[in-house]
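I have a structure I would like to understand better, so I am pasting it below and will then ask my questions one at a time.
To keep things simple, chains are lettered A, B, C, D, E and F as they appear, and every chain counts its residues starting from 1.
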Amino acid sequence: MIIDAHAHVVAPPALYAYKSNLLAAGGYYRGNLGISPEAIAEAAAGNISIMDSVGTDMQLISPRPFQLMHSAKPEEVVRWWVEANNDFIAATVALHPGRFAGVAGLPTCAGSPVTDALDELDRAIEQLGFVGVLLNPDPYEGTGPSPTLGDRYWYPLWEKLVEYDAPALIHSAGCNSGRESYSAHFVTEESIAILSILQSDVFNDFPGLKLIVSHGGGSVPYQIGRWQAEALSLSLGGALDAEPFEVGLRRFWFDTVLHHPPSLELLFKTVGADRCLFGTEKPGSGSAINPETGRSFDDLRPIIEGMDTLTVAERAQVFEDNARLVFSRLAARLPARS
Amino acid sequence: MIIDAHAHVVAPPALYAYKSNLLAAGGYYRGNLGISPEAIAEAAAGNISIMDSVGTDMQLISPRPFQLMHSAKPEEVVRWWVEANNDFIAATVALHPGRFAGVAGLPTCAGSPVTDALDELDRAIEQLGFVGVLLNPDPYEGTGPSPTLGDRYWYPLWEKLVEYDAPALIHSAGCNSGRESYSAHFVTEESIAILSILQSDVFNDFPGLKLIVSHGGGSVPYQIGRWQAEALSLSLGGALDAEPFEVGLRRFWFDTVLHHPPSLELLFKTVGADRCLFGTEKPGSGSAINPETGRSFDDLRPIIEGMDTLTVAERAQVFEDNARLVFSRLAARLPARS
Amino acid sequence: MIIDAHAHVVAPPALYAYKSNLLAAGGYYRGNLGISPEAIAEAAAGNISIMDSVGTDMQLISPRPFQLMHSAKPEEVVRWWVEANNDFIAATVALHPGRFAGVAGLPTCAGSPVTDALDELDRAIEQLGFVGVLLNPDPYEGTGPSPTLGDRYWYPLWEKLVEYDAPALIHSAGCNSGRESYSAHFVTEESIAILSILQSDVFNDFPGLKLIVSHGGGSVPYQIGRWQAEALSLSLGGALDAEPFEVGLRRFWFDTVLHHPPSLELLFKTVGADRCLFGTEKPGSGSAINPETGRSFDDLRPIIEGMDTLTVAERAQVFEDNARLVFSRLAARLPARS
Amino acid sequence: MIIDAHAHVVAPPALYAYKSNLLAAGGYYRGNLGISPEAIAEAAAGNISIMDSVGTDMQLISPRPFQLMHSAKPEEVVRWWVEANNDFIAATVALHPGRFAGVAGLPTCAGSPVTDALDELDRAIEQLGFVGVLLNPDPYEGTGPSPTLGDRYWYPLWEKLVEYDAPALIHSAGCNSGRESYSAHFVTEESIAILSILQSDVFNDFPGLKLIVSHGGGSVPYQIGRWQAEALSLSLGGALDAEPFEVGLRRFWFDTVLHHPPSLELLFKTVGADRCLFGTEKPGSGSAINPETGRSFDDLRPIIEGMDTLTVAERAQVFEDNARLVFSRLAARLPARS
Amino acid sequence: MIIDAHAHVVAPPALYAYKSNLLAAGGYYRGNLGISPEAIAEAAAGNISIMDSVGTDMQLISPRPFQLMHSAKPEEVVRWWVEANNDFIAATVALHPGRFAGVAGLPTCAGSPVTDALDELDRAIEQLGFVGVLLNPDPYEGTGPSPTLGDRYWYPLWEKLVEYDAPALIHSAGCNSGRESYSAHFVTEESIAILSILQSDVFNDFPGLKLIVSHGGGSVPYQIGRWQAEALSLSLGGALDAEPFEVGLRRFWFDTVLHHPPSLELLFKTVGADRCLFGTEKPGSGSAINPETGRSFDDLRPIIEGMDTLTVAERAQVFEDNARLVFSRLAARLPARS
Amino acid sequence: MIIDAHAHVVAPPALYAYKSNLLAAGGYYRGNLGISPEAIAEAAAGNISIMDSVGTDMQLISPRPFQLMHSAKPEEVVRWWVEANNDFIAATVALHPGRFAGVAGLPTCAGSPVTDALDELDRAIEQLGFVGVLLNPDPYEGTGPSPTLGDRYWYPLWEKLVEYDAPALIHSAGCNSGRESYSAHFVTEESIAILSILQSDVFNDFPGLKLIVSHGGGSVPYQIGRWQAEALSLSLGGALDAEPFEVGLRRFWFDTVLHHPPSLELLFKTVGADRCLFGTEKPGSGSAINPETGRSFDDLRPIIEGMDTLTVAERAQVFEDNARLVFSRLAARLPARS
């Protein structure tokens, strides 16, 4: 069974027109989403045919992150929009429960306590049956001082996630800094997420916390030598008896959304296949055709299947076993591993 | 001949105490640097013994970037401090002209035109005999809207550099965002530098411009698949007939300051050894001892020498030839390639 | 012939989904609007059937103002979005040239000179054949110090409009002040527009300028006594020989978008039917059914036709003649007045 | 008996010179108001002769709103200034208790909790014998995010007012936005006050609250059709079974400070004479002579007396009965209705 | 002849009530000052009787500085207010040309070029016959980055003053920092004025510039030892051959507004009686009665007359000669020195 | 015994290089101070030889104030830096306990509660044996709204100081306003400290509080006449029965750091020798050679010894007795007064 642990929902224009209306109304009214069942079914069917074409059995779908506008004001706009996304995902999952599971957006808002987002977390897990959450580590979206994930600001969320045994997929949203596209900002934020958590007590205080870092861990596996050395450097705040950086790094999970095979190999070599989950973000920013291969960049299954540096068991971990381990709420409803 | 193209000056505490005084005085007076010739000689000798211990023949030394405080105010403080650094480097080079060459800091200041820094560039090249410059792409140091290197803001600098045929080593300085250490910010800024320039006309307008990206290019070689796909994606601003991203990327030069051998291999494979310059940043943040090897992380010469994926000619490019090509003002004064 | 001088384009969700994408992309790419001809035709046909149901012969259609996001950043987002709206309107007009004419949005941006918007004005008039413009007097959308229309900031626009003999329909866009809905802000801005212009030299310097104030002139016709008195009050900056306020007020044109018959009567009595243009903004915020009449609030034709305080000639002015006078570029292409 | 429910105190220059001193002293000292009893008597006598000239029996006098500087800093300046106004009013009332009653200014301050103003409210009602308060809905005076009157920020004030059965006259103060004169801002704020309260639970939570909207309700009676339609529009946040807007509107009281007879007629027709209180704001911004009538614009008594659309009973409501109803603390000390 | 070189105009409350109106009107109108000739005469007569009581022959009168509100916005308010002050002073001088001469306020505004104030300077000197100006070195009034008097910002003013051979009395206005009363701010600003000018080229570039520092030079004569030492300290930006601080200090003129005799003695000893002008600021903040002497603190004439440390000639310099020297435009119209 | 109550520690460059590193690291790590015992001994010996050369028996040494950077961010940087200074001082005192005693820096931070600094106060007094504290009244260092010392913000510190019977030496740190050097800012802040405390209840609420004002009290003794008059002026917030200003002033202690003998005389005359402590700040900004005397400006012992206006007893108070009185924790460990 091939589980794509990092995918986003496919939706008709009406969903995003609704976002546009929410923004224009400035929080004065919520309006109606009003997407017909037919339109939902059509979008879902389109995605299933893409999945079939690349051999994906199941997708864990979350909102399109770059559309999530966590920094929009007033906050009602964010909340209503995230709820609409989760509702749409739930409707999609309901149509194809064997092919999709939901990963929920959270209405974290720039400048507000994270506790404001927990009602929607409860709703998503308990009422909508979602199996994990999408977590934007930068609610300011490039415009302000979001507390890093190492900050105690996030502790109420960690508590909830541990309680639900639900993982978070770390994935930033938009970027309005004027210096990075949202896509480049993904990589920056994933790196900050890892580094700030490893400088904090988060994993000590929440040993059961499950965090998946998108896009193969940002820059960290590539730049690991720098962090290994600094962790051991007295003059840079390290210590000779510090936990080696590469050990701490393996407390995270990683997806495989890297569209360059040598980078994927580096990822497996550096963090271990036993910490990686198959993910493609397809259809998405990697869906262009690679002129060298004639296949889309995000068609990663054959690439991983063709890697002779992985054992059969490791491939199984990547494609399925790790996803079952991390998404325990999904595993509970799946048929047993064949 | 082994040329270390990315190294920083070794200086006694008095240099940094002077910085402290400059900041405290708030621009009201410049004071005296007042470091004795003996202290300079002692610092330089210490560095030479480090170079000898790892087999480096020559270092291209620039100021310690994280000390450069480009965002300090008033701007006189930045200018005086950069000048003091360049003066100190010049004094070091004068003591060992066969072992060191200078790479100049530039007094670019947050919120000021780049032209304010060009007098010091002239002084460094013409009077002090420096062979290149250190370029901080984020003078705001994590606190504001620095124009990216793709912005026309930087054009007067590009003109000067092309005129001098002098390269710039892209390397950010401090970081006061509260979200990244300066070290993590290096990686972020190197990535922004590459991506913003490749979305701009810089290399078209300045075909002779030589830019070296520090630390193996930030995150870009690792995340290259994402950028290859986006460049070809119509819906993401790309075009089917766009220059392939990997082609554009090779317009830059890269150093080898990656302390993780598999990452170095990925770098050579992705951008080509013919675009890489040996660099160690030693002594620096990589100087801790790797407990697995018993050698310092930044002792990169034996690692590169031991890579069987490189040809002899490629190793020569990395260790010497590319540095001669890029630093033409250095090459002009070196003995001919043996 | 019944000309509805204040109407907004009817468009499918894909237009507003495109806006959402523009915002999310942060100016990094423009993407494709990609609305099919069928979708355009369907939307236009829907609107024509509404027009038929209330007996409107022609609509002058402009973008939906509350969607125009003049205060969004970066400015490319505003520009691309306004262009997409104008393109969509042009496509609609092309399908039914006898039923629609275009009134162009302008990409005026908070904090930028009005001259930045003039290229799109030229394009709309000269290439797309539009007959007037929609003018947001508050590009900051409730968040900052937009120069009032009495300020010389706007003079380059007035020059262009006079040159083209094209009118501007004054109509604010969104409102993010947190104190007013965009709808309430319309009224505020219309009032500010009138008062600031009458305190300035605009009409002296541009006697040929044609300005239509939306929604029956905001609060001004109702509050006119206050302004009449102040204009004559020495201690409040007035003068005994000042132009009477009610005379100055008649330099503007007004639409009839007031869904309350007594208010419409006050408007005609106060500014004169010879300064009013029939307008309904239908379909729009007035399209709910009035439970007392069973007709929609914005079905204004029968109300005006039923007013015995208007002469036949006055009704003709309101329904058709004034529109021909003000929109001279439209009149030039219409069949002669029957 | 003719009660003018909206009038402001007439004071000698020394009162406003005191304000100037307070501002200049920056809160460092309070200084002395120091107005002689003779000067107070002279000012009061002048006002009584104006009242006599237009046939007003009693005025409810409050501070001149545009002088109240609620946004001044430090806050002591505002507090001392409001107290000085209330003291001056109390002294005026004490001289002519049959002709005047006091309506108190409140030292609400931009950025401070409304509770800071309640001590002065207590003092005014309990010690000075005032019968109502003047309420500025925008303490930031056009420069910032004043919570609208629909916000729970104001609840402590509503509680007090209900407890005292004292009405508030909604009337903004100065305006420093640079976009509106204070006079135009009055109209804007009155409109925001009505709309924000009707979108809130205020009247449900405080059914006994008595709010009088100055100047005939800003723009709302004129623009009522827009609000009636939106209240019933599903896509704009309304509901088919919502309370009709015109019903909610009648929860407010309105004064007659409209110097244009057709507007007065619209007011009576739209909100009902049973919700209107005679008010002239005389002497004030309407005191210029209307060249058409030869009388001052604010000489409203003969205009209302001459309206044949009002019944005798309605005129009595407007001139006296409603004032007795709303200002119950005044009624308690007046002779019985003759 | 006793000339009081530092005095402020005595005016009725109506002048300051006018200021209050200007502020309330927010620049929308100027209104009328409207002070009767009788009121002006009464105020002037009051002041002359004070002068007579302490034996002052002539006062050079300027606006009350703490009332000048240079930081008020919009700038029209400042301009109109300063003009009103100068007009009032001119009217006062016209009544008693032998007892008063005018020193003009200048409408320098926070954040605007100093050139905006030069029209009023011309008017005051050329049309109103004023003999010098009052100069506030901190137009931001404690709230922002006013350029110090050493900054080239002020050069256009220096040029004009030299051209007119008119002196400036350095005297700050209000203070809204929340940390200093305006009175304490006077002292701070006088000190900054001296120190910043002596660190600049002002006196080199404008050798004819005449600057009088109010209140005995702030803190500088008392703290002079610190500045003498620093001027000679290499490590603090000084130089062994620098102009001695006490020499530079004597380029300024000083008034005697120090109400403590030992301080006056220190002043004369430190800067020399030949650089001091008799000044009392009477009536003003020093007019309280000193319980030890039974005379007002600002009754300085007998104190100076009683100082045996001054020669007869020095006393003449202080009381008259220096004023004639500095105020050459006054001297030209005075009878010759008896 | 000559006790110099105002002196700063003499340290090698490494201390200030450490500050530079702290700033550069942005709070991410603390690093090591790493100054050798030899370097500490060398610096201390140098200072002792200076003390011997001017006849000082004991110095109370505190950190160099202008280096303390209370406004730096993040706050860890300030805390770590102050701790390093106190540690260095403690090490110096430990080498020469008969010649030095410690006065502690406090990590008060701009924008934080003063309670954050109390742990270090405890450590300094209880563990390091310090005898008083250095108090910066402007943690914002010229850039923001530091609460004045009269504000209740400081009460928790006053409580602690009274509890320890430890005095505070009021002395500002750096200045980044761009208008004053740190040295000029010292004077400003000392003046604000005195004036704000005397307008508050501090000495009433903390009668045992001991505050020493540096540099002879800023400007206050020189400008005292102004404050005496205002304290008695009704119109300026004073009162006829107010405590005379000169009485209140004597609740403070003053040091003698005035390098101008007439100023010293004014100080003694104005506040009384019984409130003054000998202080030189040597070596420091007064250490340049006075060309007139051939001695350094800060060599104050002979000047005071030579003043015939002081009695023998007064000189003893200044040189020793007052220091014993104020620094009771020092007195407890000194040999008895000989």
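The working rule: contacts are C-beta pairs under 8 Å (C-beta built on N, C-alpha and C of every residue); 3 or more make two chains touch, one makes a residue touch a chain.
Because the structure is a prediction, the values reported are computed rather than measured.
Asks: If you take the chains that touch chain B and keep only those that also touch chain E, what is left?
Replies: Common contact partners of chain B and chain E, which must touch each of the two, are C, F.
Asks: In the chain contact graph, what is the shortest path length, in steps, from chain C to chain F?
Replies: 2
Asks: Could you figure out which pair among D-E, D-F or A-C mirrors the B-E interface, over half of its contact pairs being identical by residue number?
Replies: Answer for B-E: the repeating interface is D-F.
Asks: From the centre of chain D, which other chain's Cα mean sits the farthest off?
Replies: Centre of mass proxy via C-alpha means gives B as farthest from chain D.
Asks: Nearest whole angstrom, what separates the Cα centre of chain C from the Cα centre of chain E?
Replies: Spacing between the chain centres: roughly 56 Å.
Asks: What is the distance in Å between the mean C-alpha positions of chain E and chain F?
Replies: 34
Asks: Which chain A residues reach two or more other chains?
Replies: 25, 28, 178, 181, 236, 238
Asks: Using the definition of touching given at the top, classify the network of chains in this structure as line, ring, star, complete or other.
Replies: Contact map by chain: other.
Asks: Going by the touch rule stated at the top, which chains touch which?
Replies: A-B, A-C, A-D, A-F, B-C, B-E, B-F, C-D, C-E, D-E, D-F, E-F
Asks: Can you list the chain B residues touching chain F in their complex?
Replies: Checking each residue of chain B against chain F gives 12-21, 23-28, 66-67, 69, 73-74, 174-176, 178, 181-182.
Asks: Sort out for me which residues of chain F touch chain E in the complex.
Replies: Against chain E, chain F makes touches at 145-146, 148, 177-181, 183-184, 187-188, 191-192, 195-196, 215-216, 218-219, 221-226, 228-230, 232-233, 236, 238, 244, 258-260, 262-263, 266, 269-270, 285-291, 296-298.
Asks: Of all residues in chain B, which touch chain E in the complex?
Replies: Per the stated touch rule, the residues are 25, 28-32.
Asks: What does chain C use to touch chain E in their complex?
Replies: Touching chain E: residues 199, 234-238 of chain C.
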